[in-house]
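So, here come the structures, one by one.
Two complexes come next, and they have one chain in common, chain A, joined by chain B in the first and chain C in the second.
Moving on, here comes the complex of A and B:
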């Protein structure tokens, strides 16, 4: 008569909390996360000191590797997933990332153009 | 029968849109606590992003002092990184042990996490002390000010984490795996993993980009 059979399953998950798994599965998740994180870290340190790749690509590669490793940490250690039980956690994370990108990107952008947009007074006088 | 079903669902479907949503009631305290702590961690990461922005702006302002590539030692940073990564793993093991109420593995995981965190702190402290002894303290240049405040702020967080870790071990020893103690262990694990994420940014942006440039 009523469809209460599915009711207990669709609750929210706390951040860091996993769905019900056996201990072995959970340990395996951490092992996979650790292996991926160590691999990405080793790649970062290798890329930073190598002459094998085109030098101007190194900073971009380091930033991409860092973002990838942060993703690995979020998924395997903090258990932030895209599942419906994780919506609140993902939304909070998305808002946090928005603020982080506004702060870092905005600061770098403004400060990089500061000399062009706000020259010292004697330079302005010379322009006139 | 249809009448009673409608009456029974009237509360769950107040606008009669035909979609019945089962309300399981307020979330459990475990979820509310961890979610609140997640919000705190995100605001902490926003605070770190301000330090990162300051460092990105000031990293070239050496005022005749040393550049990053002249004072960073990659070997120490690699050891620090491996320590933090392994401690994140052992912290995960300790939280699994707490969930299955296994005291031995919980104490073992937390002890290894604590030792790895202390090794990280000792290496970082020796690096700072060495820089200050060479006259490259935080007052030498804007670059060094930004460097010391960013890396030092992360180091302070790790120190607080180690104190919290010891407190959790003491609480499990004195009170056992009570529900409130388990919630605190969960928040500690979140804190420790989040510190690891910040360190990924630190070693990539400060040390590796600094020595590459």
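Moving on, here comes the complex of A and C:
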């Protein structure tokens, strides 16, 4: 199968295959990623229990921190970049996000309308 | 020791499944004995069962689908006879048996006929069309196939050991929950689909990677044959949608095995959530099946009209549009659930919108044929038959997308007729077109045209005689899944439908005869050039059947319709003169990983169904150990020496020379 990837300079490398970085740089990348991930995790735990901020803002803060955590993972561990060699990965991520948004968002919407329009299950059972 | 399994699992009091099971068992034993006595076993093991060659795996997928088509078809015949006779009587099938039959029919036809058929064709053809030597993950491919076969085996095992689900093909709770289905039927259903679902997901990942990463030199995205595009779209949908099915069934299994309450009536479970989730998979699934069929029709129509595909770019756009919109319409399967007019209206409109890209495709095919020099060979007949049939099915679909109309027709025979209209007219006709079209590529000889045309006409007419009465019965108020009925007005239509089923059966028999006749006359039907239909894409640029390495040299693609282009410029000859030196080719080694993995998965699935916990652990450990052994292998490739490549390639070039000189003049 080796002769199917034509030239090593092709913009056709899988993530992790790129060899241009030295080991040191790559380790540094992972360490920074780990530090950021730990920081974000610690902040989440701290925020959840604190009374330093306005209470209703806590869920929002947690959501923001969670999304930031995903970003850190994508950039430092899954090596998503904006480079031309990463078009497939970025498109796959976009498609995945779209599908998750459609299915989760659609489900929440459908079930909310259903609950508004239909009596709860135990009420139906009592009616019978 | 054996969990819930004892002698009462064998239905000794029911002659139909026992006799059917015995016949199948005798047939399997006869084939096995023949294989062993004739000494074919080593060949079968080393060349097919352990093969990681995408072409062989594709052929095995299609073989599995064909065998299961006969099983699912037998169920259909039994149902049509039952409804023809069960007017004010019980018919010949008791209700619990009838319920198992319609559940098994749906499950088998979707998961073990339509899915393996299209995945088989994609496996067989896509690497050839892309001009590459194999798929991205050859051994994973074999694992995927064998896990699908495991699922099929478990479903068929339920015929004689235990029972199958009586819940319909999607096992809606609360009927499928433990309180209403205490038997093993639903467990057979769920575990078969979980195991074969892993196989399908693996195949999806493999084919997406193949299309994205392994294309020959010059094969840009916008030079790919349409079948590769629809394969990409369909497999993206597999990767996105099948995890939803797996998660939903896992929740149902947790309810059944560990007393959870996801979908139960009591303790806060929500039955509606199952409908919602299963259809969030179920609607993309429809397009997973039909998109590859659209790709096949594109190839066939273009080849047999002798023209490039009309509106190639609009076709690509339509394919990708369907790929995305298919995730926005799932509620139209349960308009009647009560989500209210806002939700129903939005999903109704989305369902009508998705008909637009499909309409674009239909017009593209028609314009491809317009002004072309059309040859009505068997694959083309299936394609034209598809266009007629699918338009009817599509229009009844648009009708059902109108929520008020759907409230009248929901779960009626009209619905049954509609989805058979699109699945038979779309997917099955597509699978048959692809089968007839690519059979010479896979085996090196054509199929008999006379029997092929007979098969088409019987199937085509049989289809309408069977399903038009079902539309009418639906309009008259007949609901689906009825074991017996008392309405006199439905009776004549049920009888006509049964007659249609007989005509359809003749079509299937013609198809079997066609294969037998063709194998007998294979010398006369031999395809020596590798290009029997005057094809346009790269699969026709190699011999039939292709050598294990597909292409001696990776083809250099300079435009759409790569092979047509080469022929037109008689490039083959010039290429031959300045062909570079033949080089050694490395190919992946065959591996029993897939078969052994599936063997243990079968043991595990069976044990899970019957609650035999020690056997579950045994099967799980076995499958895991197989994976470890594979991961630690030392030699995963072997080398085909350059001389051997040269020898094989020269034979094909000799045969092809006449053809090429002719093609230059066309």
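Assume the second predicted complex is superposed on the first by the 103 of 128 C-alpha atoms of A that agree within 3 Å, B and C clash if a C-alpha of one lies under 4 Å from a C-alpha of the other, contacts with A are read in each partner's own complex, and residues count from 1 in each chain.
What we mean here is this: a residue touches a chain if its C-beta (ideal position, glycine included) is under 8 Å from a C-beta of that chain, and two chains touch if they have at least 3 such contacts.
Keep in mind it's a predicted model, so treat the numbers as computed, not measured.
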Chain touching more of chain A, residue-wise (chain B, chain C): B
Tell me which partner A:86 touches in the superposition: chain B (first), chain C (second), both or neither. neither
With both complexes superposed on chain A, which partner does A:65 reach: first (chain B), second (chain C), both or neither? first
Can A:111 be said to touch chain B (first), chain C (second), both, or neither? both
Answer with first, second, both or neither: which of chain B and chain C does A:103 touch in the superposed model? both
So, does A:74 touch the first partner chain B, the second partner chain C, both, or neither? first
Identify the residues of chain A that lie in both the chain B contact region and the chain C contact region. 1-4, 6, 12, 14, 88, 95-96, 99, 103, 107, 111
Seen from chain B, its contact residues with chain A in the complex are 1, 5, 8-9, 20, 22, 24, 27-28, 30-31, 33-35, 37-39, 42-43, 45-46, 49-50, 52-54, 56-57, 74, 78, 81-82, 85-86, 88-89, 92-93, 95-96, 100, 186, 189-190, 193-194, 196-197, 200-201, 203-205, 208-209, 211-213
For the complex, give me every residue of chain A touching chain C. 1-4, 6, 12, 14, 88, 95-96, 98-99, 102-103, 106-107, 109-111, 113-114, 116-118, 121, 125
Can you list the residues on chain C that touch chain A in the complex? 132-134, 212-214, 216-217, 236, 240, 244, 265, 269-273, 276-277, 280, 324, 327-328, 330-331, 337-340, 342-343, 554, 583, 585-588, 637
Of chain A, residues touching chain B in the complex: 1-4, 6-8, 10-17, 23, 26-27, 30-31, 33-34, 37-38, 41, 44-45, 47-49, 58-59, 62-63, 65-66, 69-70, 73-74, 77-78, 88-89, 92-93, 95-96, 99-100, 103-104, 107-108, 111
